[in-house]
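Listed next: structures, encoded as structure tokens.
The following pair of complexes shares a single chain, subunit A, combined with subunit B in the former and subunit C in the latter.
Up next, the complex of A and B:
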């Protein structure tokens, strides 16, 4: 164990007890020869507990202030503290480290926002007067999550024009209302035409003409990566990290906002590394695959016009990465308690694979100098094995080769192709 | 004021007589000692973010945070120096001066002259960036020299204008560069340019890889590192001075179809014997 590891590893109650007892024994005290429950033993235990309460803070502070990798925010996966992932997401050591050392803010989760068109045109329609946050809409079309997210109409002085802050909708009229999801995060991102009016208003219907979108909190690893790239913004000579950083973050460390008013969802960028004629190509991807067109536009604007990353005489082109679908099928064997179903196992595997593909670098792993790499089947098997507790064997049958080639500018997307589960 | 590691001392000096007996005193001191260890560890932990003071086991973590790659063949001194200068290095990242300054600590304690040369797209001029010193102990200097007409034409392809070449001069020290002086005597003893392929004129292949990466990771995205060339002292008639100044006794090289030195990009046999190509990427 290196000194770095020993300074960041959690302290245990037993190690403190051993330390205190060791020191006391060195002073010739027979401290392990107590009568159980004696006053002396209780005093020693009280001291051990007190010292432990103090000492356990040390590695927590060292991790929190020591490095990006060891610092976490509440709600993040923390290899040193299993309980951390279950805490409500909030700002903590990681966000503060990133802000103070690298000048980069971590994107918080946002409520999905957008617009619905309320039509007061059906049979039995009446003149309606209502206030902000008085109507409820539900994602009912397509394939909504379970439970289906709900949305409410939000305040907007240009819409709610009555003197008391309400708006009146005449019979036969339609009205576009801003809405916000009532659940935090991307779970509220609904495709166009999938919302409907839940509040009972006879003769009234509603739907969203455009998609409604919200973001999860910036992934911890993505945020750490951006913090590391952030120093490249100091240079005006166009290093590759500057292109990667400015695709999603502004000079002040805040997020690039796209034309729809949302933070861009770009989480991966590939930048060409070498050119003999002064060309740079950038490729963008989001967790689900190629970046949205609105995000590509916003990223290029930030790179070219806001941050001026591209030196004079240099040609830059930034485009969405091209999707390379990779079908994945296989078999798993596991030992599980009674009641565990194949469906639950497969859902766990698919979630793990989705998460893996969402962060796989554009161009894949083990890239050559041209940015062409691979997706390794053995890696996919490893991810599948971690998808559900008790899996002891995972075999990927598709892809059948040991690697799947991924060209420069291509992002692998996960296509589920079936998993067979065997309980043993 | 309490200083780090002094809690035990303070505890010993304070307290009434009945906590000074053998049992209570020892427990008290054991407790204080555990606290002293904790505060000492905290101090060491806080130093983990200081590259010039931290334990060397923290350098990889610091390097990752500061986006400064450290290399297996790099000395700890070089790692500490580069990590402590991360802001300055990043500010000049992508510039040729920045590339030279980023690589320079690798050669500590010496500071050999390293040059970057590139030709203008119209072929009319060549620009030489130099960093280092020929005199051990003297501060390294950065200088730029623009030569017009061009005295660097690698292969006649002026359209490939964003290429650059790195030249490392192992000429400034009597015994060669300390980083590889132990092997320097093996250079060309058998008349082989690459010493049988395991080392490059005394530079091991691992060192060569790391030197190349120092430049590859620090260059701009739009440029191409065309070659890294180790320039050894001129000894034989077939050796070449590769110097930016077109002065007496210095051969300007290479220039396409030069009568003596030829085209280094395509005519490998014309490459001078005192120059070793550690890397070449010149499609």
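Up next, the complex of A and C:
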């Protein structure tokens, strides 16, 4: 353990208790009735509790201000503080560190936004006058999350043109309304044609012609990576980190916004390392796989025109990475415990694998000079083992080989192919 | 940390509602007696295994008298959580008070390996005294 370790790791109350008792005994403590609740024991515990509360301040501050790796925001996974992940996401040490040291802002979660078309054409339709936030739409088509997200119509002066801020919809007319999800994050991202009108308006129906999208907060590790790339934005030589940085962030550290008005969801970029012809290729991926077309357009625009990353001698082409689906199946073994079901275990494994594949570099690991790498089956086994507490053995049967090749510009996507759970 | 054998109740700081300025000591049966008193005046204590340690009898104030009167067996169970207390007889008296809360008095007689001890808790007075001491 280094000095830095001792400053970042919180001291346990049991170690403080042992220290305090040691001091008391060294001072010839006469009390022998050390039972739970006894007078002297409670005085001692008062000291332990006070010291414990006080000494937590130092490691929290050291972690928060000491390094990009140890700083976290509320809601992030924190290896030193298990409670942190359960806190409501908000700006904290990590956001401040990244902003102050690297000039990079962390993308907040956003409410999914988009448009619905309201048709007042059904039987019994009446002339309708309504205000923003007066209608409710629900994601009912396809496979909505549970509970299904709901959406409301949001204010837009170009739509709500009546003098009192309302809009009137004639019988037989249709109207395109901007809507916003009432739940924060990507959970509100609905495919096209899946929303319907919940508010009862006889003769009126609604649906979304285009997808509605919202973002989760920028992943902590992705944000740390962007912070590390940020120094490259000052270079005039077009380093690969500059391309990677400007695919998602502007010169001022804020997010690149796509044509739909949302922050781009690109979380991985692969840039070709060398070229004898002056051609540089960039590949973009989002947590779910290849980057959205709108994000690719926005990233290229930022790289080539807004930030002028590309030197005149270079020809840059940025495209969405190509998905390489990897089917994963296997078996796990764990001790039977009350309340633990196969379904819960498999759900944990799938969530861990989704999270792993969402951050696996484009081109895979252990890349050659051409950017071609691999996905290691042993890594997948390790991720599966960590997917649920108590798993002591995990075997991946698919893929059967020790590695799966991943070519340059290809991003691995997870395809669940079945897990068998054995309770022992 | 030593846990004293039942026959040797050890030494502690004398503390009924509070310790005195000289931190006078309590020895033997007096230690068990003050711990029993604290069992009836404190629900949780600090430290490991401190949750649901005792029962704060101030919660009886204002409760219906028929409810308070049948709390004896529960308080007996609380007192005998201390393995030094072999038996505990608890008597609860509720005196109607037309101008305020009923007056609740708890009388305790405990047996230990080193003899009996008894004490009485006037819950109404205890509440007032303790609150004033804690200012």
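We take it that the second predicted complex is superposed on the first by the 380 of 424 C-alpha atoms of A that agree within 3 Å, B and C clash if a C-alpha of one lies under 4 Å from a C-alpha of the other, contacts with A are read in each partner's own complex, and residues count from 1 in each chain.
Criterion: a contact is a pair of C-beta atoms (placed from the backbone, for glycine too) under 8 Å apart; a residue touches a chain by one contact, two chains touch by 3 or more.
Given the structure is predicted, the values throughout are model-derived calculations rather than measurements.
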item: Contacts of A:368 with subunit B and subunit C, given as first, second, both or neither; value: neither
item: Per-residue contact with subunit A, leading partner among subunit C and subunit B; value: B
item: Partner chain(s) touched by A:37 [first = subunit B, second = subunit C, both, neither]; value: second
item: First (subunit B), second (subunit C), both or neither touched by A:58; value: first
item: Touched partner set for A:46, first subunit B, second subunit C, both or neither; value: second
item: Partner chain in contact with A:393 - subunit B first, subunit C second, else both or neither; value: neither
item: Touched partner set for A:133, first subunit B, second subunit C, both or neither; value: neither
item: Doubly contacted residues of subunit A, that is, touched by subunit B and again by subunit C; value: 21, 31, 40, 43
item: Contact set on subunit A toward subunit C in their complex; value: 17, 21, 30-43, 45-46, 48-49
item: Touching residues (chain side subunit A, partner subunit B) in the complex; value: 2-5, 7-8, 16, 19-24, 27-29, 31, 40, 43-44, 47, 50-51, 54-55, 58-59, 61-62, 65-70, 101, 227-229, 231-232, 234-243, 271-280, 311, 314-315, 369
item: Residue ranges of subunit B in contact with subunit A within the complex; value: 22-23, 25-27, 29-31, 33-35, 37-39, 41-42, 44-46, 48-49, 55, 57-58, 61-62, 64-67, 86-87, 90-95, 98, 157, 159-163, 216, 218-226, 281, 283
item: Complex interface listing, subunit C residues touching subunit A; value: 1-4, 9-15, 19, 25-26, 31, 34-35, 38-39, 42, 45-50, 53-54, 82
